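One chain, chain A, links the two complexes that follow: it is found with chain B in the first and with chain C in the second.
Our next item is the complex of A and B:
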C-alpha cells in the first residue's frame, strides 16, 4: 500500500506549489476572440487564422453557449459548409472554468478532459478570458525566474541559522499513511527549536497533521506547503481531486466519506477539517468536483490577536 | 501519578519502557485519532484499542506521554519502535477502556496537582 516515493527537489515542489496557488484570472488571456451564434464558420476561420488561435468560444449575451475548435472547422470545411452558422458545428456543452478558481483546478481539468483550451467565466457566468496550456507554461516560467532571482538574492545574504523564515513543500501520496505525519513532525520540531510557545506549536501540528492525513486518505495525491515568517505560519494544501461536492457539509463535525480501510487506520471520524478550522486564525477551503481541493490555514505566532484557548 | 506508577498496578504490563517518567496531567479515552489530536492534553495518558503506528504520530504531535492498549490488543513492532523513538510509554491490559479509565482516573485523582 505504501510504495517508496522519491521526494522531488524542494525547489521544483516549491514552484509547483506557488503556481498551484495562483488564481486562473492571474494567468489566463484576457483578450478573448469570441463569435455570436449567427456568425459563420468562415468568420471563425478568419479569426483563427489572423490571431493564430485554435479555439473560439460562441457567446450569447456574454454567456458561453459553445466552442468551435480547429477540429470542428475541419469538419465544416470537408462538408463544404463554411458559410453555415457556427451553432451547427460548434460543441455545445462547454466545460468552463471560474476565474477565481486556483490554477491547480485548471491543471486537473486539462488532465481530465482532452480540451486544449477552457473558456473562463466570472461569477455572473460571463466570458472573461480563455485558458490554454501555454498560459500555464508562461506562468511557470515567470514563477521560475522569480524564484531564481530570490535564490540569488538569498545567496548574497545567507539566512541566520535560527531564523523563523521557512518555505517548504511536501508531496503526499494516496494511502501512504507511512509518511503522513512526517511534515507535521518536522514543522513541530522547527517551531519548538525556535522557542514558539507549545500551545501555538500544537495548533500548527494539529492543522498540519489533519491536512496531511486528508491528502493521504481522501485525495488522489497532492502537496502540503508551509510558509513561515516571524508573524505567522501559513499552511496550504492542494490536491488534484476528487474534490468535495459541498464544502459546508464536509466542514460538519462527524461527516466523513472515509472507507473501512481508512477507518481501520484510526481515521475517518469526520473531525479533520473542523479540527483544522478550530485551531486556525484564518481558514479557507475551495473545492470543485473532479478538479481538486485547496485548503489554506493561517496560525499567528504572535499571541496577541491569535485564536487563543484552542 | 507518574507514568511508572501505571506499571505498579497489577492489570497493566509495560511493553515499551523507553520514556521520560513525568507526572501525568490527565487522561483521555478514545479510538478516533482526530479526536485524540484535537482534545487530548499535553502530558496525559491515552486509553485506547487503537494499536497502530499512526497512534504514535498523533500522540507525539499532541504531546501525549503514555498509551494504554486495552482488551489485550496486540501491539505491532513498528508501533513499539515508533514509540521508543518518541519516548512514549506503552502499556497493555486485558481490561476494557471503561474499566481502565475508571482505574487510572482514581489514581490521577490522588495526584497532588489536582
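Our next item is the complex of A and C:
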C-alpha cells in the first residue's frame, strides 16, 4: 500500500461530518460592510481601515455586483484614483456562496479560487454575509473543542469485540479501480460477522460499492465514511469535485457522464445513484459545480420499518 | 445443480475454489458484462457468467452474495482476481465457450 493510500484516522470522520454538517450561514460573518456602486475608492479604504477587513462587496439593491479587494485598492492608489467610483476598480463577476451550502463546499471554493473572501447570498440572491478562511478556522476550532469536551465527559468504555458501533473512513482516489470496493468488502464482512441478516448486509454492500465506484470513476477523489450503530448504517460519500450541475438529472436512471474507459470496467450505465437510493432507507444528495458532491445513505439494521423488500 | 456438473458441461477450468466447493448448489444464473446490472439485481444470484474479466467482476459478485463466477470466452484471469476470489470465498472458473453459448449449455442442464 503506497503512502498516499494510507487510511485516514478515524477522527477524520468527525471532521468530515463536521464540515458537511455545518452550513455556511452558521460560520460566516453576518455583519457585512458593503458599498454601493457610486461610492468612491476612498470610502472603501476608510471601511477597510476602520474595520480591519480586506474585501468589500459592492451591492445594488442588495445584489452583489462586484467586490473591491485590497489589491484593487492598491491599484487605484497607485494611479491616484482614490476619488473615482468603485465601479471602475472593482472585480465584476463575483463568485458567491449560498448560505445553505455545507461548509465543505466553501473549503473547496477557497482551494479552487484565489479569493480571500466570498460574499454569501440567500435564496433571493441577496447579500447576507461574508466568509473568510478565518471564519472557517474559528468555527472548526469551536466545534472540535465542543466535541472534545463531550467526549471527555462521556465515560469512554472500550468497545466490546462484537459491538456494532463503528466509525471508519476510507480515502478513494480517481481512477483507482483497484481499491474501489475494498471498503464495501470490509463493511460486508463486519456486518456479516455480527449476525446482520444477509439481505440487509447486501443492501449496505451495494450502496457502499456504488458510492465507491462513483468516487473512483467520477470524482477527483474523496472519502467514504461509515458510521454504524445498533440501529443503522450511515454511509457518507464526500468528494472534492467536479460536482454535479443538476442532481435531479444525475438521479435519472440511465443518465451517465461515464467515458469509454469507465464503461470498459463494467460501469457507467447511469444506474449508480438510483441504485444507491433504491437500497437505502434514507437518501440525500447535495452538489455544487467546482465544489464537490455529498451523498448520504442510511440503511436501518432493525428490519422493522426498513426498506425490507427492496 | 451441483458445481461439478456445471463445470463439466462448460468444460470449465477450475481457477480457484474454496473448501467444500463441490457442495455449492446453484439454483439461479445471472449473465452480464455490465456490473451495474449485477448490482441492480434483487434476486439471490448464485452464479455469474461474464466475459468481463476484471477485479470488479469478482467484487460485484461478492457484493451481491454470488458464490461462483464463470469467466467466459477464454479471457485471461489476473492474479488480482484470484486473490479477490480467495478473500471472498468465491469459486472461480474459466471456460472457452462464449457467454451466450455458456448460457445455452447451462440452460439445457438446468431444465427440469
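Note that the second predicted complex is superposed on the first by the 279 of 310 C-alpha atoms of A that agree within 3 Å, B and C clash if a C-alpha of one lies under 4 Å from a C-alpha of the other, contacts with A are read in each partner's own complex, and residues count from 1 in each chain.
The rule is simple: a residue touches a chain if its C-beta (ideal position, glycine included) is under 8 Å from a C-beta of that chain, and two chains touch if they have at least 3 such contacts.
No experiment lies behind these values; they were computed from the predicted model shown.
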item: Partners on chain A (chain B, chain C) - clash or fit; value: clash
item: Which of chain B and chain C A:221 touches, first, second, both or neither; value: neither
item: Touching partner for A:290 - first (chain B), second (chain C), both, neither; value: neither
item: Which superposed partner A:269 touches (first chain B, second chain C, both, neither); value: both
item: Contacts of A:242 with chain B and chain C, given as first, second, both or neither; value: neither
item: Intersection of chain A interface sets (partners chain B, chain C); value: 177-178, 180-181, 184-185, 188, 198, 202, 205-206, 209-210, 213, 265-267, 269-272, 275, 278
item: Chain B residues touching chain A - in the complex, by the definition given at the top; value: 31-35, 37-38, 42, 50, 52-55, 57-58, 60-63
item: Residues of chain A touching chain C in the complex; value: 177-178, 180-181, 184-185, 188, 198, 202, 205-206, 209-210, 213, 265-272, 275, 278, 310
item: Chain B-facing residues of chain A, complex; value: 177-178, 180-181, 184-185, 188, 198, 202, 205-206, 209-210, 213, 265-267, 269-272, 275, 278-279
item: Chain C - residues contacting chain A, complex; value: 33-37, 39-40, 42, 52, 54-57, 59-60, 62-65, 80, 87-88
